[in-house]
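The chains carry the letters A, B, C, D, E and F, assigned in the order they are written, with residues numbered from 1 in each.
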């Protein structure tokens, strides 16, 4: 069985803003890393304008200082979770889909050659940077598969894309089809969340969400030992040989 | 890991008519049986009125003889696939949802205590026996979970329900989220399909469909060795610890 | 080309209440009849309890008198439109789906052997008699197709089912895919509508709707000569040899 | 402005099982009652078989004793919330939609003549008692509107129906369109939840949910003073004169 | 209660073409203005190419003259309705989403700081200028909320966005959840519509639509005094303390 | 009856890549051409990077040689099918929506003045070149209708747009509402498919699909003589005077 078939090859997380991957997929990152998988986090922006309200309340704050603080926080959080991290710094609120950005994401996908890509869901009426990131990932994935694109690197296969949970899932047509048991790494996720000082108000929210998804995991047939989970929605069908 | 978590406990297939399980889930049945799992097929009817046109063309045919022929065919097909089979004979076209039928299905669910239930999809405008069977399964599964129902038997857990593929999937809102590799047992499925003499015209159709789903399985990241697949749509989210 | 392929064989309209067919499909009925097609209207109930508020305001009104008035109105409206009409009188608000009712509808379908069936849409949260009628039609159609059902009559083919427009289409997930030009028979529809005295407030509403759908027909590529149209949503795909 | 237009007339809550109204609409009940509105809770069953697992673990438990315990709990909870309560005791898991049940619900609707009805959402694949209750409410509401039904009581108007939140909203296609601020009565809801001893494990779950919906209420423009909310999805459009 | 909570603060209408706001939201505009609310209409284009067929039929017409005529008509209509109006003149058919356009819309949103934004629905296969305008509004609203955007102006809150009715609502997945009573200002809407000479054929269409939505408003529980209404679909959940 | 009303005027097929029109609409093309209709195929790209894997396996292959081979194949296939063909060569994987491309497509639409446009469906998560092509067609069609666009050519009417079948229809929300009988021209489609050497593995797949759709056409009421069909989903409602 290949790495891809087990889902245990490299994992690529594409995050619109510097902190999204922590709140929404920190458990998946820590779990994969704890098993020795490479986890690469690609942040398109620092979320410097739109998701750093805590920092902007400080007197004399500048865009560069916000970016620096966010880079520092996200880097430390990634480290705690066991992932490597890369920032494209293309500017947020709004994120813009340029040719250069598509090329960067495509190149990263080819370089990492992930068994799984994790990113934002297809719809988010509250945050169009999120839905645009989804589109950028799908488009870049398609290009990365093309035999005729950049003949100096290798085309990837048909990598699964997991959508992580948006802040208000029902308004985003988000319907989980995978409840990932993150009980064993949840403490690490909490530690990472606490690092994200610019959005400290979200730690309790996402801790409660971890419990909520954990309860639902048990309700959907998981073992009672599950205490925390993260919800994902796959874009493509699973191929397998088990009736799960 | 429990039998349920691997999907390798008993499998219960609830089929509206005697042959549905062969066309639509014969591969899943054969695959599970080949691994030593118990597979129990529960046919609510013989499909004697609505799905036996070949038999009705024979002179002097009667309802009883049709039923007998269908029972014989389905029993032999089940045997080839490695499954046990049970017929409720409640009458088809239309199937009727009586209290007695709910009770029977609930009792079978409790008795088999399946790790997975396989049945028809929720919608089928061509065939309301199919959609009604889906509802009967969901309702009976709910009752089988109830602590206060029939205190002489044990409540089941939150068993996953897989919907198998209807004849015209797009018209039934059927969106596969599991492409099951049945390459290794496909010959057995063909053998079983050939037994279903009353609907011989469907063998080629479902053989082609097996190839089609197999090609799609490879297109969705499965190994190139896959030649045949069956498509399923899960009702509930998967609980797991893999990023698949 | 067969009658079925032209849509010009018999037309069966199944109406939950005595007047539904007039408001929602009166143009289709008149148009078909004007071409010499048999049009058979099957009213499951008179709408005596739920759709006869005008009559109930009259002093001393009784259920039997309401029914009689509705039978009279609907019969005269059908005559104006060129259709024959049949009443099952099974009771409205709520309509109940009994075995006897399924049998009646199935028998009528077999007897008429329609090229097209017209009925209510699948969803109507305001009026569950309507959605239940849809289900009764689909289920009865399925039984009427079964080789083994009632061997004294002939199975029908795969008849198209057209859903006519509900009162509040957006709330019923009604999306028209056929705008039928009824300009040439609209006067006849108005005449029929005026007969339905128990719901006289609806004449203006459905006259305006005819204009509205007519404007939209032109907006969707129809000739500018269209002044009035009725909207329908087909249940099944059209089979044809034209790229329309 | 009429009572109906302000939503401040009587409130009718139709609950499949004895406790559903507490977990899912306890805040709405307490809020309405605190303003002097009549709140009537109609429990179709006690949830005696399917939602009383805590009781069934006690030795020597019987169906009657479970029902009695549930009746007691639910009655006390209703009292804490400020509502009156009525039990139909028609049997759960499965709930059955009999003519008598429709008649009872219709009669209650006419008697209460509610400005708002609150009940389960239209879909719940985990619990078909819930989705059936939704259908029973819509059908009974339709009958209660009919001029010709039970001439000894008065037809109701076009009452709004609010769906309260199911346990796993995304799997039930539940999309909130009303986040109700229940901050001022949340303590009362907690008190009521604590009474429901048979399902004590749910208190924390629904307390967290109250906070979660409260955070979202603020995120959707509500004042920062909101600490707790309940989510509802209306069935019908709101009619009003405010651009909200 | 804040202006936002009552929906009675400033209203911003973003209209793809010069006349859209008149046909689709003229009643809402007039109603708000009549209560003393500031209503600001932002027209991205004049609809000079695509929605001025009446003008293009005149001999010797030029793009500039069409624009001038449309500016004049729309300005007079806005005045009749009680609104102020602003034209961005960025070119229609197709509208193009440039950075400059996003910046303009964002700046206007911040400047007006609306309690409610009204614009086109998310989908319109007939008119992609309309759906693009929706996207521009959502994206600009998001940017206008960002703490780090343009530190010289103030971030807005989580303003509700109302989608007004497209020409063919069912084809646009438009499902009204607010029927706004515009009876008291309908005469003013008619007056404004009559000013839009370039599309005179639409006056009757939208007058009939006002009646139609008015009838439906009564059907959904509104007082019988309602004669005309406009339909809207909110993007975000309502936050409130009433069970409406 | 006009050419448009019969669907027998010119047909325009807009294909993202050079071969899409062959696999997915080759039968429709051949059928229309066989009746003497003009069929114009507009290929936005050659599919040189993303859909020419066979060619890229050859040693020393270059982008120009791939394009040349694809141009040659597609031109020969179009000729076999009876269509004229035009290549815009704007670059694939990813296709980019530039102003120049919109202008080109709009100009072609005006020049051909098609009775029917055929193109990709609105959604394809596997291939965003496909979904972008859909958007380009809808937007260009809208511009081509505008009275004020390019006054040197004539505005088109409200042309129907047919979406042809994507590779994995269920994942693309593709629901056929037209099953086109292509039995009489299927041999010609096979001949054309065989020319597409760069994707030879698809011939069997699309031959099987033709049979599958043919079986379904019969199942949906088509004559038993149908052996092969193609599936399409219309974007707009059909306007007509037949109850089909």
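Here is the rule we go by: a contact is a pair of C-beta atoms (placed from the backbone, for glycine too) under 8 Å apart; a residue touches a chain by one contact, two chains touch by 3 or more.
Computed from a predicted model, the values in this text were never measured in an experiment.
**Q** Show which chains lie in contact with chain D and also with chain F.
**A** Both-contact set = A, B, C, E.
**Q** Between chain A and chain D, which partner chains are common?
**A** Shared contacts of chain A and chain D: B, E.
**Q** Chain A-chain F contact: same residues or different, taking over half shared as same?
**A** different
**Q** Hey, how far is the Cα centre of chain C from the one of chain F, in Å?
**A** Taking the mean C-alpha position of each chain, the two centres sit 37 Å apart.
**Q** Go ahead and note the Å separation of the Cα centroids belonging to chain B and chain E.
**A** Taking the average C-alpha coordinate of chain B and of chain E, the gap between them is 52 Å.
**Q** Mark out which residues of chain A touch at least two other chains, giving numbers and ranges.
**A** If we look for residues of chain A contacting two or more partner chains, we find 126, 171, 176, 216, 219, 236-237.
**Q** For each chain, which other chains does it touch, given as pairs?
**A** Listed in label order, the chain pairs in contact are A-B, A-D, A-E, A-F, B-C, B-D, B-F, C-D, C-E, C-F, D-E, E-F.
**Q** Can you check the complex and tell me which residues of chain B touch chain A?
**A** Touching chain A from chain B are residues 2, 4-8, 11, 28, 31-32, 115-116, 118, 157-160, 162, 176-181, 216-223, 226, 229, 231-232, 234, 236-244.
**Q** If we count contacts the way the header does, which residues on chain D are in touch with chain A in the complex?
**A** Against chain A, chain D makes touches at 126, 167-171, 174-176, 205, 208-209, 211-212, 215-216, 219.
**Q** Name, in rising order, each residue of chain F that touches chain A in their complex.
**A** Checking each residue of chain F against chain A gives 48-50, 52-53, 56-57, 63, 66, 92-94, 96, 125-129, 171.
**Q** Provide the residue numbers of chain C that touch chain B in the complex, in ascending order.
**A** 99, 102, 135, 138-139, 142-143, 145-149, 235-237
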